[in-house]
Amino acid sequence: MSHAHKSAKGAAGGEKGRGASKGKRGAGAGAKKPEDDREESLQAVVLADFEGHFSPFSQEKPKCLLPLANTPLLEYTLEFLAMSGVADIYIYCGAHSAEIEKYIQASKWYPPLSPASPFKSLELVKSTARSVGDALRDLDARDLITRDFLLVHGDLVSNLPIDAALAAHRARRIADKNAIMTMILRTAGLGQHRTKSGGVTPVFVCDPTKNRCLHYEEMHALQANKYLNIDPDLLSDHAEMEIRTDLIDCGIDICTPDVLALWAESFDYEVPRRHFLHGVLKDYELNGKTIHTEIVEEHYAARAFNLQSYEAISKDVLGRWTYPLVPDSNLISGQSYKFERGGLCKENGVMLARTCKAGKRTVLGRDTSIGDGSTLTNSIVGRRCIIGKNVTIRDAYIWDDVVIGDGTTVHRAIIAHEAVIGSQCKINPATLISYGVRISDNTEVKEKSRITRAKRIEDDVEEVVPSDPEIVGEGGKGYLFHEDDEDEDESNESFIYSTAHLNISSESISTITSSISIGSPTTSRSRLSSFAGSISDDGEAGSSNENFHHDAVSGLLDTLKENGDFDSAKLEFMGLRLSNDATDHQIRRAIAVAFTKRIAQLVEQEKLEPSKAAASAFGTSGAENFLKTVAVGAGKEEDQIDFIHCLQKDLVHRNQGAMILAAVCQRLYQMDVLEEDAFLRWWEECEMLAEGEAEEMARVRTKTKVFIDWLREAESESGSEEDDESEDESD
Amino acid sequence: MSTVGDVVPRDGKSKPFDIVETYQRLLAEDPELTMPVAAIEALIELLVHSRAVTVFETLDLVKTQSEYLKSRVTNSISLSAGTDLFQRYMISSLKPTSTGNFETVRQHLLSNGRLFVSRAKAARERIANYGRHFVRDASVVLTHGGSRVVGALLSKAAEASASGGNVRFRVIYVLNGDRVSESKRAVSDLRARGVPVATIPEGAVGYAMGKVDLVIVGAEGVVENGGIISRLGTYQLALLAKAAGKPFYVAAESHKFVRLYPLGQYDLGIDQEVIEFRTEDEPGSTEPVDFTDITPKSAEAPEYFSSSPTKPNTAVDAVDYTPPALVSALITESGVLTPSAVSEELISMWY
Amino acid sequence: MASPSSATVEPAGPNPSTKPTQPESAAPRLSGAELKKQKQAEKAARRAQTIQEKQAGVPPAAQKVKSDTTTGAKTQQKRPSSAAAPRDLPVRSQRPAAAATPEAPKKEDKTVELFRHLYKPRVTSIAGAGKDVHPAVLALGLQMSSYTICGSCARLVATLQAFKKVIESYATPPGNTLTRHLTSHVLSPQIEYLAACRPLSISMGNAIRWLKLEISKVDIDVPDAEAKKGLCDAIDVFIRERVTFADQVIASSAVEKIKDGDVILTYAKSSVIQRTLMTAHQEGRKFRVIVVDSRPLHEGKHLAAALVGIGIEVKYCLINGLSHNIQDATKVLLGAHAMMSNGRLFSRIGTALVAMEANEADKPVLVLCETIKFTERVALDSIVHNEIAPADELVIPGGPLEKWGDVKKLQLCNLMYDVTPAEYIQMIVTESGNVPPTSVPVLHRLGNESQG
Amino acid sequence: MPSVQAGYAPNLGVFLKALKTQQLEASIEHLISLLKRRQIRNSRPCAIATAHLLLRVVARFKWTDIGKLLQRIQEVGQRLVEAQPKEMVVGNIVRRVLGMIRDEAKEDRSEDMSDTASITQIDSPQRETSDPAPLRTIGVSTATASPLRFGASNAPGSTDTDSDDGSARTPQGGHRPPLMTSHTSYAVLNGLPVQQSMFNLLSATPSPLSTPPQQIDSPQAGSGINAASVAQRVAASSKDLKAEVISGIEEIIDELDQVDDQMAGYAQEHIHSNEVILTHSSSTSVQKFLLKAAEKRKFTVIVAESYPNDHQATHAAVTGSVAPDLGSSEDTSLEMFLKPLTAAGITVVLTTDAAIFAIMSRVNKVILATHAVIANGGLIAAAGARIIAKAAKVHKIPVIVVSGVYKLSPEYPFEFESLIEYGDPGRIVKYHDGNLVDNLEIDNPLYDYVPPDLVDLYITNLGAHAPSYLYRIVADHYKPEDINFHKPELQF
């Protein structure tokens, strides 16, 4: 083995030497696959903290260290890797990298310090990467990976024996070095399934004969049409084709170094699926790389990437679906769980009062004590918790050192370390109570409230927020957590409504962020997740919410795509708006984005001139009416201006944005959706900003100048009151 | 009786040494004392008083005295365990082949009287420590009688242990109408330790058995085939437990192992007046059997020798025999034994 | 949207829409039959009669069918395998095309010697169906052999319904009386065909006997139309009384036995039990259910699904978890295929084990059973009478068993029923009251009298 | 022994391979995590792994004195047992090794004592009191018999006598030791020699307080004594002592290999022509047993498949094909090398567990394999075994259990539930059935506890025994002081 390791290192060295041309390198790696396969040890890359939303918890702690069934998420992932016989591991940390490092080094996994580690090497890579894309590109740059490797996320829970998949992958590799990647997917049936990501359905188009993935798309609940557009020649090329929507994407990919190469080549890819997978499959003609699927029907594999899946997986663990990764196999040394008849799983030294009922599917950590008359069902309680008398706890996940007073009821909540809940309290569903929060007696905590004590981070300055007696009661500690990352909202909702559009929305956000971040210098967004929602750019705090935007846009886009009529779209749209009580601004933004996107597409794909594109886009039946009524409602000037702003902002990062903007403005003016005053004032404002304005924004509107001038001529004079509303919005 | 002759008056007491009297005194002094141990103590005192010099004298003395003691006590089964053990010990340790000579052995016995007692009690502790593990969380234990071992065991189980946290169990205690005070004590002891106790009459055992998880009883003697001799009523508990498929455990110190092989209830080597046929015209009694006159006496007096030696056992302190087939396991200070293991013990010990 | 596109074929069990093109042709054939002599008719009638009496007897039709089955089986292969898509259908249909069927001619006899007397060719296609078989019956036959209609009662009802259709489409050939002609020339072929698809359940036997009786009782002078109507009504009444209504009664009286806090353990799936539990739940009784199940049918899974559907707390385990769960149970409810006159219960294979464990843990065992399922037959063990299902139903696709046919001296035994000793059964809940096993014969006699 | 399987997932083969190269602590942890992750499951693989590991432990052990060695083994053993308490063989093997070391120590010492004769077989009552034993223990110096020493000596006497019977137990000892030996004193499931304790009441100890002499249960004490007495000689004899210990462990390993064949040796006594044998699940032991019988006789075997946990192994066994899920269980990979029963001309009927009752009335014998055997005569076997045994009982069919002695555990399980492992519900309900997964509570026990009264006969590599006699075999194989080595709270 050791020699094998050396050889690997040697190879790595060689790579460095060769450096540069990635295609060749990948090929090289592919070429030298067959021979020393058996000898080679397995490499894996763990993406610790790039996706997912666990606020307020993830504010203070790295997500992958949050306990699931009293065991940190990362442990499950590492167990899985150990189970699969991985030898060398690289852990990529996004946020909180220091803490993760501390944890790892203290754990049994860290080879230098613990002889017990099953891994030959374990490296923590701290990088500034904000997205999977960045991380992988960075990884590629470092030349660490020299052969096939496993790519997993730090929140993976799986008991899947991976050998079969590896073998299949290798076989394909040997046959054809272009088979660069194998994704492992778990069937989850067509019906409802708690562990399937609620809102977004990944759609895999596969060729069952070759286990090859041909096309990938994501569908979401509120999408107007349920159509995919599949490249027709796929149909001609492949005799058999399966379109699967019944799959859990557990994010286990078996990759070859070429994958990294591909990432590196396409710098704008941010997320593994919606960008990378989709993209690579799309231009199969160009790169000729094939990606394959290994669809498993046995065993367990899922990711706890948001609170919804956290809950689902917790349930799965309680239901032993993850066996042997269950509490009573005491994965972490020092644990001493015993599984008792009836599904109660408790550690040594638990003190149960005589009359308390610790019901089925319940886990109790060491030295936790439960008072008389209390009942627990389907819950997980950490260590050293003190639970008073006549407490009722249902479907709740309580971490270590929590104190719960007498007569309190907790239903479907997460209570983090060292929180203190007074007596006679009522914790309503979907409540998240963060570290050290103190709820004083007789307080009722509203549904979906998220309470924290963490310092709030405003533009990089940490400010301590005073406790809010409204929420935590007199003498309580903690305040209602709301932050600028809208996606938290929905992760919260997802916890209760189990409709997680997170997977995708987060991704979509990340793309926008990345592109925006070039433009708007003001985005000082959280270092903790790379997805500072794009809405952040128009500082709409709180209520506005990302998945609304996402669904709205996609919904409209679809209507535009197949020229469906807008009246139905409008209904849906309004429904959507109500359900997420989105603000007018968001609506405008959504609409703007939708149209610009569409137009941009037309321009790029159908190679129309912007003007034609705009014409066709706005020409869609009912579009005009729709815009008038919905987009710029009462025809208030501010609204119109805002709308233009939105258009402008969105076009910033589209090719020919400038042209399009011009075309759009013209169009909208002709359709008199927008009146000239609006245009003029918008222009002026922009002018006002002068150098304050980001040059992208400036660039985008250059082409529109013509139109404006034309207007000016038509108009004699122009009003010039200022109001910085829109200004505010732009940061 | 020659033995009396051999005994010199001691510590001023001019009264000659009477083994029976000693035995009963010992029991009276220390309620914690079990009969076998008491018997051994008594025999040791005997040694103290005797001035037998040769091995065989001594052995003979011990033998005759034990016989005498047995004869004078009703239901000598339990105590005979003690006397037998004692003799056996003497014999084996006084074997010419063995290195320990008479004096050593005698000295050892004389000097360590109290030690034995404390050991006997220690044994009880150990049993409790093993036995507690039989009592699982949320289980229901059925027991009866005033066995100190069982008492110790249950109260031990009630304490929380370092590992495994606390055990929450409940007890169904079968009241014995004739031993109210004893039952009361046992029950209140448990309740004092926070163990919920239900008391049922003996008639309700069959009814209650369905709710029971395990049965634990004490024993007066453990016989050679692994069966036990114990308080009247134990046998029927065992039968019912068997019928309902519930485990039936016996907690007994190993010094209660008796060299006795009863073939059945009526082969215990003692006569018990449990079944008494009467008719109206018989003088003195109106009901077939009348315990009422005995009950109060047995109530305050220490249990086993309430009735005068000459009088045979009445139902009050009568015993019955539970065959090994009904015993799931015996909990002794040396561990948990299957009945077959017990019998092997005795076999190998006596032959 | 988008299940594996290969699975677009309609699910297992042909529904009436997929009827072959025989329907209309049926009638003319019948008229053709009018030329036959009375004597033959009577003979045929008697023969059919006797067949029904000992319902195990191989119907002559079966032989004729047999020759075709191999070809039939092959033509069938596509359909069942395609039906694999709805996974929770009974696995019967997921037959790997590779595996050989016992019927198929082989050098080696793959039948289990103990049960050799029970093996019967099973028709899985309409290919071999006799020409006089009514389409409705054809469809039914297939549904039975594919277990889409499985339960003893379900089959009974379905059969009677089908026969109603038969009778409706029946026209007495001139010079012939319905009474004498219908049974022998029309009904018997149907019955034979059904029996060939899957051995008739005892309740079916009873019902058919009753039907024949009814027919024979029809007055010769009554005009056909009237007679037919009479018969159909009679059938409806019969179904209503002996099944529908019976079930209601049983359910309602069984519900009485379910108390708050009960833990009801049941095995496989019985429609009556499902009904009972559901009503009990609707009546607000607080109880848990433990459903025990077994390979290969996994019927219990459907029951469990139905129960959790309405929010009953259900625990599900296979027969191997039985001894762990029996302790928690407070009552055991069992369905029946038939009640033997010696008080033994003839029911889905595995029932006896459940009853045995329950008996040991002394939990009361209740059997829910309509009197129509009572039979005068007796059984001491599960071997004399039983039904053997095709061995390949035990094969797990992709599993090592797929090639079992090639392994010499290896046999697969797939029994359908077993016999539960009477002493394990505390009570039998029937529409005519709750009785101990010992009084089964009594009830049976009463039942028949009421029938006659 | 299973080969290293293709692919990376570690298993027994991988472990054994790594054992050679890895450093000790690593391999201990390695085994622990494999046990925890159930990548080494089932009695035999666990036993093999444990034995090999202990071999390493001894080999790598910096020799100071036996006491330390014992402690070391106990400490390692405890960790292994805690890793997966339900694999009882792990504990068994550790105990075997401990006992073996104690014996070696004893012999080592007694050589100097030069009265080896008295060590081996003396009949009990005499040995209780006649004091070569205590003297040996204390060392010659204290040979004079004063009352106190008399008592004192009796205590170590116990450890002493313990050790003796060990020598009677040779790993492949085809014969069992005669009844009338000191072994009786181990006729316990827990704790100490009874006879000892009976006399201990009357013997004296230095510490007259609540604890009887058998304090030396506790590892420290126990080893302490050995340590004391061995100390001076260790220097000289440690080398060969170590060698002996190692060879001792190797013997145990050999035993593990041979056990099946030894048991098969008894097959023909128990199976006769034209019998119908019912067996459950798949087990190498049982299969070899039947194959052996098949050499002479023709009979029919009915196999219950034990769905859903072992059915694949069972199917593979009957068809003689390779079980698809290699990763999951090493036993299957063993199975591959065995020819199927059918190949030996036996008619094999495979059926579902549900059909057992129906078929039982035609069965002549039931033969069960075990996961572990408990000293009260009960056993832990694949789930479903209990109903089979029960059904057999109902039909008055004899139940024979085939089990290697190494599966015999001296632990007395206070609650049998605690020995049952619950497996992956996914084997019962497919995980993609979202509705059921969400609402249904699914129970998949891997094992059953079969109470002794349902078993008629045990066949071990030592012969055939009645369930009631098992405690004896246990006594012959384990030292009382080792029985609870992993549970301090149970040691007094």
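The first chain written gets the first letter, and so on, giving A, B, C and D; residue counts start at 1 in each chain.
In this text, contacts are C-beta pairs under 8 Å (C-beta built on N, C-alpha and C of every residue); 3 or more make two chains touch, one makes a residue touch a chain.
Just so you know, these numbers come straight off a predicted model, no measurement behind them.
Asker: Going by C-alpha centres, which chain would you call the most central?
Answerer: Closest chain centre to the overall C-alpha centroid: D.
Asker: Work out the mean Cα position per chain and let me know which chain is farthest from chain A.
Answerer: B
Asker: Check A-D against B-C and say which one is joined by more contacting C-beta pairs.
Answerer: Of A-D and B-C, it is A-D that has more C-beta pairs in contact.
Asker: When the centre of a chain is set as the mean of its C-alpha atoms, what distance in Å lies between chain A and chain D?
Answerer: Once rounded, the distance between the two centres reads 51 Å.
Asker: Based only on mean CA positions, could you tell me how far chain B sits from chain C in angstrom?
Answerer: Centre separation, chain B to chain C: 64 Å.
Asker: What whole-Å value do you get for the distance between chain C and chain D if each is reduced to the mean of its CA atoms?
Answerer: Measuring from centre to centre gives 50 Å for this pair.
Asker: Give, as an integer number of Å, the spacing between the C-alpha centres of chain B and chain A.
Answerer: 73
Asker: In chain B, what residues contact two or more other chains?
Answerer: Residues 162-163 of chain B touch two or more partner chains.
Asker: By residue number and range, which residues of chain D touch two or more other chains?
Answerer: 430, 432-433, 435, 441-442, 444
Asker: For chain A, write out the residues touching at least two other chains, lowest number first.
Answerer: 189, 246, 336, 338, 340-341
Asker: Can you check the complex and tell me which residues of chain A touch chain D?
Answerer: Touching chain D: residues 1-2, 38, 41-42, 79, 82-86, 108, 114-118, 159, 161-164, 166-167, 186-189, 191-196, 246, 297-300, 315-316, 319-321, 323-324, 329-331, 336, 338-341, 343, 360-361 of chain A.
Asker: Given the complex with chain D, which residues does chain B contribute to the contact?
Answerer: It is residues 37, 40, 85-86, 88-89, 92-93, 95, 97-101, 104-105, 107-109, 111-112, 114-116, 118-123, 125-126, 129-130, 133-134, 136, 161-163, 254-255, 257, 328-329, 332-338, 340-342, 344-345, 347-349, 351 of chain B that touch chain D.
Asker: Provide the residue numbers of chain C that touch chain B in the complex, in ascending order.
Answerer: 360-362
Asker: Hey, which residues of chain A end up touching chain B in the complex?
Answerer: My answer: residues 336, 338, 340, 346, 348-354.
Asker: Which chain D residues qualify as touching chain B in the complex?
Answerer: Residues of chain D touching chain B: 124-126, 128-131, 145-148, 150-151, 179-180, 184-185, 187-202, 204-205, 208-212, 214, 375-377, 412, 414-415, 468-469, 471-472, 480, 483, 489-490, 492.
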